[in-house]
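There are two complexes below, and they share chain A, which is joined by chain B in the first and by chain C in the second.
Our next item is the complex of A and B:
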């Protein structure tokens, strides 16, 4: 039995939703091109992309200097944002973001942009691959070892941080099929990792040290053995509750309502064979629920990257760093190990951030009666122009009508005199701002 | 060997290209502060202009002093930063060895010091 596939029309609107959910939205014309491929080919192009090509202008900071992702605050954020904007492999980049949220590590605890970027490369390398390989690599990744005290976990003084999150957040779910004793025994299995502290350089040379490892007998999930860190991971992966946890969490990154029983069981079967993520993703991205179900709020980083893609603008200002924070998603600084709370993407504080993001994104395109093209004193043309500048996103007729009504009423008193020339560009700027902050554009 | 020669040729071409486009971007380094350490994102810089960013990730306030180990060398000071504050300074570095430390009482002794080589 296979999971059901969407069989309705696959036009520009459906392709747009797919590109926003599985990536960072379309560049101008991209949704129409993807729609022509049909659903199966469109999904295949995302889950089996060719080699990465970065398309568009090189990123720079405000003075036009190149980014220094390892050496300057915020440039880590800008570097990744640029990758989201310019990538030709949007699902790889989107899954890198999904894993960053899943294994949420913050530089506030790590204190090294270099180690954070190394972890980011690891997430990208395994983005569509094997969850088993990802979990094993991440368990001993230097940033993770620092973040969850892996290098403080020794036979003499076990530290349970990683053991607990390994089960609670990464593989099983809170209290789902393990006990406090399992946490303690997993911590013992995970002992042995250390680094060398070099003055001026910090933690270097992360390695396994047999002397620090507890080689004794452990009992984990009722199984006995002299388990080590690899066993700790494998035992979680082999736990009967793990496939369901993974499938539901992964599904939740793409579809806002839970899968039906039959779909979930089939996704679990796909995953269980060899822990590969790609077939599960392919099934989720073809599923009717993705195309016919309720809309999802775009995460702030996705919203901005997609807005820049639509505008054809590259990363050219460091303002995206503080604006990202204000909108609720400073990359490399998730709020805690549980990752970002997507229930907060549209609260009163973060919405204000999104409004500011929209304003900054549109500002280089700002119209005026003193420069640039003449804006016609015509509500229809102004709304059409706003849609064009952000790459012709699909919006509902009622949203279009609201924008038109706003343009009409704003221009009503400006038929003649100086207002007839001065108002249209102002109204056009406002319509653009309203368009990209509308529910239609904030969600997908 | 041939690969190496090609790489060197490419590097030389890159250098020429850089020169043709005007002054190269200044080199950058980040110093993260914590209790009780300083960590430099680079252990070595070239002589010339550098942008050095000091970023306090510790719980307490810290400052930073940068001074070349040479008679009469002037010290560059970055004032106290609270948690998560940062400050970037622009300095002209001469070849030699620089000492970096936090000058708050006893912070240097506790480990807040580092060495930067410029050459």
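Our next item is the complex of A and C:
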């Protein structure tokens, strides 16, 4: 038995949704090209991409200098945003973001852009691979060891921080098949990691130290053994509740309504054999629920990266750092270990944040009656031009009609006199801004 | 049954209750006892953040319009009689510089480079040994008018010298690292309503941890004057029409699609909030909020936020407790003299302007300001023109109703603790109990752990 696949028409609109859900939206013309491949090939091109090519202008900060992601404040954010904008492997980058949210580690607790970027590379390396390998690597990743007190966890004074989140957030779900005793015993199994503090370099040489490890007998999920950190991970993976947790959470990153029972069971089966994520992703991206179900609010980083892709603009200003915070997603700084609240991206504050993001993104293209091309005093042409400048996104007819009405009424009193020349660019700027902050464009 | 089975949404799966969204509780630093599994951490403030207008924390079951209706209803019912404003001096302010024992030879020997000249600053009327820091003339003025009570040795037994731990104690109102709610948050949980986020207002881009509630909503707002929808190359009547179009886009039918609905709601609510905050936006050509008195000019948001707060109170918005950070960084390990002088001056002059503003608006009897810091600093200066983390610090209470009398006494330099720090002569939890009971009319025993054991100071004039 296989999971169902979408069989309806696979046109530009469907390809567009796929590119937004599984990546960062289309570049101009990309959705139409993907649609020509048909669903199977389109999904295949995402889950089995070729080697990465970075397409488009190199990233730079405001004065035109290259980024210094390890050293300069905020350049970590800019560096990743650039990967999102320029990558030829959007699903790899998108899954890197999914894992960042899943194993949410914040530099607010780690205090090292170097270690955060190292973790980011790890997430990318395992993006479409084995969850088992990812979990094992993450468990002893330096940023994670600092973030969830792994290096504070010793045989003499066990720290339960990672043990708890390992089960609650990473592999099983809150209270789902483990007890407080399991938390304590897992913490003992995870003991032993340490680092050396070197002046100037900070925390270096993360390593397992036998002296710090508790080698004693532990009982975890009812099983007895002298478990260590690898066992701690493997026991979670082998837990009967784990596959369901994983597939539901992964599904939730792409589809806003839960999978039906049969689909879920089949996804679990696909996953259970050897913990590979790729077949699960392929099944999710082909599933009818992705194409026929309700829309999802784009995460702020996805929204901006996609807007830049649509505009053909590269990362060329550090403003994206504070604007990212304002819109509710500063990369490398999730709010806590549970990650971003993906169900609540939009409120009055983050809406204004997105408005500011859109304004900054569109700024270089801003029109004026004193420079640049002449804007026709024609509502239809103005709306068509706005759609063109951001890469022809699909919007609902009623949204297009509303933008037209806005343009018409704004130009109504501007047929003659100074307004005839001054107003069309104003209206064009406003239509662009309204278009990319509309409910249609904020969702996919 | 796991949540993912009965109540499936991705966020429900990931999020563990809004109570724990008391972001920043507790902080994490090496050596600090970390509550296992909290996973919560203090986020660093983004220095350049423009701030998030009315980010609501907690009370997630309500939709935005319910909050707005709640705010309106609460405002219509009459603004709260009494408002508490909590001002945080971030980093551990040097109490020994704010009020310094000018003639004490011990002070000169402990602080050979940092000691302030004995003829500078205004003498402190209640204790002949002390003088105000030369930058604190504004506080000396308020003290002279009987509108300022000083606790020159605020602290607690077994002081912790970690910023995060000690700050956390002050924020939660207990010397416990496990408490997740702020002391003012617990007050709101008892006295507040489920639909009025303005009852607990962080004048900041994010929630101030002292306001973290277990169940009721609070709000964070950078300042009421900053909520705009500026767009490059759009102005005049076209900009006005554009604002209306935000609303129109928000009212297009979403036909039950939850994604579209969320985006449409956000647009609609943002448009409404923009309208509600219109009175606080500076008129074209002017900067800042119209205030009856001048505030210090500064890049820092502090004076602007206080001016905005006075305007909001004057407008009858239902604000009960407010928390914000004072300007400056008080963690003066080096280059203390210049940094401290500047931070103190702006803080004190802004607070004086706020008091004058409230007096001019006839609101002064309704507002009490509490100024605190996580600790004071070491009595002996360090080798880099600075001071290291200490124990007892300074606390201030400001307002037209305060007694204007000392709370506890100056601890003196003769008997420092074993680390060379000032000893506490008053306990912050005792002060919290007194504020809760005497100012907010609340039951301190239900809010401050061990409240029964604390001797309350008399805060208000009879």
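Here, the second predicted complex is superposed on the first by the 444 of 444 C-alpha atoms of A that agree within 3 Å, B and C clash if a C-alpha of one lies under 4 Å from a C-alpha of the other, contacts with A are read in each partner's own complex, and residues count from 1 in each chain.
The rule is simple: contacts are C-beta pairs under 8 Å (C-beta built on N, C-alpha and C of every residue); 3 or more make two chains touch, one makes a residue touch a chain.
These numbers were taken from a predicted model, which means no experiment stands behind them.
Undergrad: Would you check which partner chain A:205 touches, where first means chain B only, second means chain C only, and both and neither mean what they say?
TA: neither
Undergrad: Between chain B and chain C, whom does A:409 touch in the aligned arrangement: first, second, both, or neither?
TA: A:409 sits against chain C, while chain B stays out of touch.
Undergrad: Which partner does A:41 reach: the first (chain B), the second (chain C), both, or neither?
TA: neither
Undergrad: After lining up the shared chain so the two structures overlap, which partner does A:108 touch, if you call chain B first and chain C second: first, second, both or neither?
TA: both
Undergrad: Now for A:65: first (chain B), second (chain C), both, or neither, which partner does it touch?
TA: Only chain B is touched by A:65; chain C is not.
Undergrad: When both complexes are superposed, which of chain B and chain C contacts more residues belonging to chain A?
TA: Of chain B and chain C, C contacts more residues of chain A.
Undergrad: Once the shared chain is lined up, is A:366 touching chain B (first), chain C (second), both, or neither of them?
TA: second
Undergrad: Output check: A:258 vs chain B and chain C. Expected answer is one of first, second, both, neither. What do you get?
TA: second
Undergrad: From the superposed pair, tell me which chain A residues show up as contacts to chain B and also as contacts to chain C.
TA: Residues common to the chain A contacts of chain C and of chain B are 108, listed in rising order.
Undergrad: Provide the residue numbers of chain B that touch chain A in the complex, in ascending order.
TA: Going through chain B, the ones touching chain A are 25-26, 28-30, 32, 34, 37-43, 51, 53, 55, 57, 84, 86, 88, 100, 111, 113-116.
Undergrad: Quick check on the complex: what are the chain A residues that touch chain C?
TA: My answer: residues 106, 108-109, 147-149, 152, 159-161, 163-165, 168-169, 173-177, 183, 187, 241, 244-245, 248-249, 252-253, 256, 258, 294-297, 321-322, 325-326, 330, 333, 335-339, 341-353, 355-356, 359, 362-363, 366-368, 396, 398-399, 402-403, 406, 409-410, 423, 425-427, 429-430, 433-434, 437-440, 442-444.
Undergrad: Taking the complex as given, what residues does chain C use to touch chain A?
TA: Going by the criterion above, the answer is residues 2-4, 8-16, 20-21, 23, 28, 30, 34, 36-44, 46, 48-50, 52-56, 60, 64, 205, 220, 227, 229-239, 241-242, 245-246, 248-250, 252-254, 256-260, 262-267, 269-270, 273.
Undergrad: What part of chain A is in contact with chain B in the complex they form?
TA: So the residues of chain A in touch with chain B come to 65-66, 68, 70-73, 108, 111-114, 197, 199-202.
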